[in-house]
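Next up, some structures in structure tokens.
Same chain, two partners: subunit A is paired with subunit B first, then with subunit C.
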Partner chain A sequence: MYIPITIDHIARVEGKGGIEIVTSDEGIKEVKLNIIEGPRFFEAITLGKKLEEALAVYPRICSFCSAAHKLTAVEAAEKAVGFTPRLEIQDLRDLLYIGDMIESHALHLYLLVLPDYLGYSNPLAMVDKYRKEIECAMALKNIGSKIMDYLASRAIHQENAILGGFGKLPTRGQFEELKKELKETLPMAEYTVELFSKFEQYEEVKDKEMIHMAVKPRNGVYGIFGDYIKVSDGFEFPVEDYKKHIVEKVVGHSFAKHSFYNNEKHFMVGAISRIVNNADLLYGKAKELYNQYKDLLRYDNCFANNFAQALELVYFVERAIDIIDDTLAKWPIKERDEVEIKDGFGVSITEAPRGLVAYALEVKDGKVNYADIITPTAMNLAIMERHVRMMAEKHWQDDPETLKLLTEMTVRAYDPCISCSVHVIKL
Partner chain B sequence: MSEKVRVGFYALTSCYGCQLQMAMMDEILHLLDKVGIECWFMVERNSEEDREVDIAFIEGSVSTQEEIELVKKIREKAKIVIAVGSCAIHGGVQSWDKDKEFNELWKTVYGDAHVKFEPKMAEPVEKYIKVDYKLYGCPPEKKDFLYALGTLLIGSWPEDIDYPVCVECRLRGNPCILIEKGEPCLGPITTAGCDARCPSYGIPCIGCRGAVKDVAWFDSLALEFKRKGLTKEEILERVKIFNAYNPKLEEMVNKIFKEGE
Partner chain C sequence: MSTLILALGNELMKDDGVGLKVGRILAEKGYNVLEVGTDIFTLQRQYNGEERIIIIDAILTEKYKPGQVVHLKGDEAFEKLRAEIRSAHFMGAIDGLKLLRLIDKRLAKAEIHFVGIVAKEIDLGMELSEEVKGNIPNIVNMIESLVG
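This part shows the complex of A and B:
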């Protein structure tokens, strides 16, 4: 007799999800990722609402990547009304987004992932024995938050990033303070790379068929914003065509949909997907580390996503310093341009910390007339389920605690944002 | 106090920003020898919802049948229940369109698909259980958490906030966004505690901390908005983002529009 193994509530991820594994004499019968949060209908509730008010509500989809949601929605809205921000404003949005990236990666790696590798059930318990790690986590998290505090008023649900720019910009002194602290944080980012280079990437989930999707960066350096999507099979498409290539299907066991590339293939998005597609655009210390650790940045193993995030911490700390230098060279900068709200349709896809996030908005008479949002975790769910199954197939006869831990670790490697994925998709 | 205070942090349907805010506090490390985490899935793998606790923090709106059972269970096992953030206190932004048919919203997002859970319209926690204290905000400020934890840990009781954002905005010496710039700022009706963050950035308050208890004068704000050319629908829509369940809102705004014309 086989009792299904269930994890009702996966710990140390953002949101509420579970894993259900059903076995028989022959092995695994079924593996399901259950998403058990309620629906929030963001697309439906913003229909017919004023554009500015809808833009204040969208970031509330997710706290770990609220800046990502905010800036992607704002860019889609600006495209819809036919407005292009000045380069300086674009750079500062990049900087704000990087703050989100650094904070989110630091929290994911140290708070959510590291305890598994060090044998703890929670990160706070590590404080006596692993003081250096906790200090790195705090410092990286704090500089990410501080960038968001200064540029956008706070680290969660920022109102200061708006159509046309910002309500108010930091002072020159604040930029200089950020730069100084970023420089101090760089060694901790490098330590994170060293630390995570030692951790196992489980062969059980090795998957030669893996396809990765990432934004093709607009300005030619590794980054966040772009107008085309690159696929690791060599295909490229403009963001406006996303509906043709990313198809979503409802599955009965969750409020989140599963996504498929060209209607049939599973695909992955996230830090490792960015590295797979855009490693040639890295520079500085991150490029050196990439060359040194190339073998760990595997396209065929989702656990490489953890290490890719560590590498990105180094990259984005350095990149943030460069953006601040550019900004100070152009100082003073006007914080905002007037945006005339015209009718139109716009699509923006950017690189949230955990992968692509897509916004399509139609504006009519100053109101949202159509909204479609696809979140990174929704894109990753199908392939995540496949890899959890692969892990379960190798370990279903082991003791349940081992099976539970290894399947949970597989889920955590994707850095899922479950409340993000419970959403919002229009059919 | 030799025994540790047992704490649980539970999530209903939300963005997880409230517990992220708490998890991000550097001060949390100083609490470790005083507080034992019985249930906090975001940081502790060894978490159980069935354990007894001294303080239960609940974030999120009640959005499924399963969550109704969960809040009842938490109430039974907890000495003090704290509703944390806009979703738990006011139903959150997901209740913005609460007066629309639930099935209509479902269809817009999920089409004809069915799932095995029982979803429902988002509601505040207080609809189902008694709440002892509230931490306002979307998300609450770190100092809100510190104040509540600090006072409770020394055996005292935190005070509720009963004055609006305008008080803090005046103290900061900001120019008034509503009067001087004519923008639809919700500072006059919104619970203070954020130190008037958004108005200090030149951004009109969107009301994320919810209407201030008992003294939210929706009617006088509506009158001011009406003078600036906003329609009744526009006013209701803006205030409802974070106050869809406020029992006095519509009645007070209606009064202004009846009297005027």
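This part shows the complex of A and C:
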């Protein structure tokens, strides 16, 4: 007899997704991650639109990581028209992106993941006993949002990051204010590492076959932008070759496609994938903490992604302070350069909070002639489903609530953004 | 009494944008309006200790007709709206506000009003339904009388 166990809506993740597990007397028959978020047609919407207009549409894919979508799209567009930004502008784009990274990691770790480990159904229920943790979450989220406010005009769907640079830069005083607040927030980021070092990484999903993909940072500093993708099996490829090595496939039960490395292998992207591929580029307090907790940053367990995000909070807070110091040393900085819109094709792949995000844009007569976007969650879905199955195989005979919790926790470890992952290329 | 008007919603989702549109009209008239979109947590770092907070957002309910206004005050708002409004993420605005009030003493003291406008349709699109759009002048008047 086949018994279906269905989780209609995975709690505490962005977007609409469910888990369907079919068991029989012998064990698990089928496990599906059902992505039920409706198709959103973002690529098709922008075809034929003026390039600048399209660049205002792409960040609307996601409010959690709108800076990631904006800056990746802008870089792809600049590559398409043959423009390279100055180093100071690149650094400030890094800073803007870091704001997104800090905000997103803080919300994911404290409000989505932590209730599981502390035995609560939601963050509201744990405030009385864990007030400090909620205060940490809000302080980190607030500084991330403030960075985005100052650099990009607002925290969500920023308009100020444009071709060639920024519409307007923050004042020197605003940069100094950000630096002061970042310094005040650093102990909270360090506390996050200490807190998450105590939590279990479930052996049920230990996966020796795991492959991790991350950007090879352009300037040799652990971070976000790069021209090559590093794979944990030792292979590297230029971002322009992404279609050869990241192959998307349609699956019947999901509005989001599944992605495979070299057409067949499951792979993961995200904070742990960045650490696996680029830990040698960490520095400062984050490097010290990496050395202290190296054993928790496991390549073979998706739950390590939570701890990797905690470590990245420390890294990105420190890195933001360094970028502000460099910016102030070079002050005043010209906010942008003119960009001549020419025909061309460009690809950018960057590190969104939850992993690689790829944009390919073709510009013709000043308009978008082709657009392709692959989001981190679309890249992670296939391996996420494999690990949900591994978890279900070990717990299918447990009570349904335990099975539900552990499979949902597996999904949450990937920090999925389901709304982002759903897209259709052609109408 | 100092008042902050919080405009919530997503203007890409048809009637879900009504809170933002009403908020902009009130801002033009000189009222103290903060647009938070779908991120209620923005309130904490932008809050200046106003004694009264008026939240404007769309709600989905079959109890009232599209465009109608529901006004809830204080605890009533927290009790009745728990499952009524949800951001695109994981926590409704009212739950988010509840969380902020538990960690921020200033916010805990503020008098809370919720002005919900019954949505006809929440789906991709920037136009409001006729029913919702047609009642905007009344909604604006109602909020102005609340501010006093």
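As a convention for this text, the second predicted complex is superposed on the first by the 421 of 427 C-alpha atoms of A that agree within 3 Å, B and C clash if a C-alpha of one lies under 4 Å from a C-alpha of the other, contacts with A are read in each partner's own complex, and residues count from 1 in each chain.
Throughout what follows, a contact is a pair of C-beta atoms (placed from the backbone, for glycine too) under 8 Å apart; a residue touches a chain by one contact, two chains touch by 3 or more.
Quick caveat: nothing in here was measured; it's all calculated off a predicted structure.
J.: In the superposition on subunit A, see if there is space for subunit B and subunit C together, and answer fit or clash.
T.: They clash: once the shared chain is superposed, the two partners overlap in space.
J.: After the superposition on A, what does A:Asn122 contact: first (subunit B), second (subunit C), both or neither?
T.: The answer is both, since A:Asn122 touches subunit B and subunit C.
J.: Once the structures are superposed on A, label A:Leu111 by its partner contacts, choosing first (subunit B), second (subunit C), both or neither.
T.: After superposing on A, A:Leu111 lies in contact with both subunit B and subunit C.
J.: Answer with first, second, both or neither: which of subunit B and subunit C does A:Phe64 touch in the superposed model?
T.: After superposing on A, A:Phe64 lies in contact with both subunit B and subunit C.
J.: Report for A:Val250: first if it touches subunit B alone, second if subunit C alone, otherwise both or neither.
T.: So A:Val250 only meets subunit B here.
J.: Based on the superposed arrangement, let me know which partner A:Asn142 touches: subunit B (first), subunit C (second), both, or neither?
T.: Both: A:Asn142 reaches subunit B and subunit C.
J.: More residues of subunit A in touch with subunit C or with subunit B?
T.: For subunit A, the partner with the higher number of touched residues is B.
J.: On the A-aligned overlay, A:Ser273 touches which partner chain: subunit B = first, subunit C = second, or both, or neither?
T.: A:Ser273 contacts neither subunit B nor subunit C.
J.: I'd like to know which partner A:Asn160 touches here: subunit B for first, subunit C for second, both or neither.
T.: Once the two structures are laid over each other on A, A:Asn160 reaches subunit B alone.
J.: Once the shared chain is lined up, is A:Thr377 touching subunit B (first), subunit C (second), both, or neither of them?
T.: Once the two structures are laid over each other on A, A:Thr377 reaches no partner at all.
J.: After superposing on chain A, which of these stretches of subunit B ends up overlapping subunit C: 110-118, 146-154 or 182-190?
T.: 146-154
J.: Following superposition on chain A, which residues of subunit A contact subunit B and also contact subunit C?
T.: 11-15, 40, 60, 63-64, 111, 122-124, 127, 134, 138, 141-142, 145, 155-156, 419
J.: Considering only the defined contacts, which subunit C positions touch subunit A in the complex?
T.: 12, 37-39, 41-42, 44-45, 88-91, 95, 98-100, 102-103, 124
J.: Per the contact definition, I'd like the list of subunit A residues that touch subunit C in the complex.
T.: Against subunit C, subunit A makes touches at 11-15, 40, 60, 63-64, 111-112, 122-124, 127-128, 131, 134-135, 138, 141-142, 145-146, 155-156, 419.
J.: Please name which positions on subunit A make contact with subunit B in the complex.
T.: 9-16, 36-47, 49-50, 53, 56-57, 60-64, 66, 107, 111, 115, 121-124, 127, 134, 138, 141-142, 145, 153-157, 159-160, 162, 166-168, 250, 252-255, 408, 419, 422-427
J.: Please give the residue numbers of subunit B that touch subunit A in the complex, ascending.
T.: Counting only subunit B, the residues touching subunit A are 11-18, 20-21, 23-24, 26, 28-29, 32, 37, 40-47, 49, 61, 63-64, 66-67, 92-94, 96-97, 100, 104-106, 108-111, 113-117, 119-120, 122, 138-139, 197-198, 200-203, 206, 208, 234, 237-238, 241.
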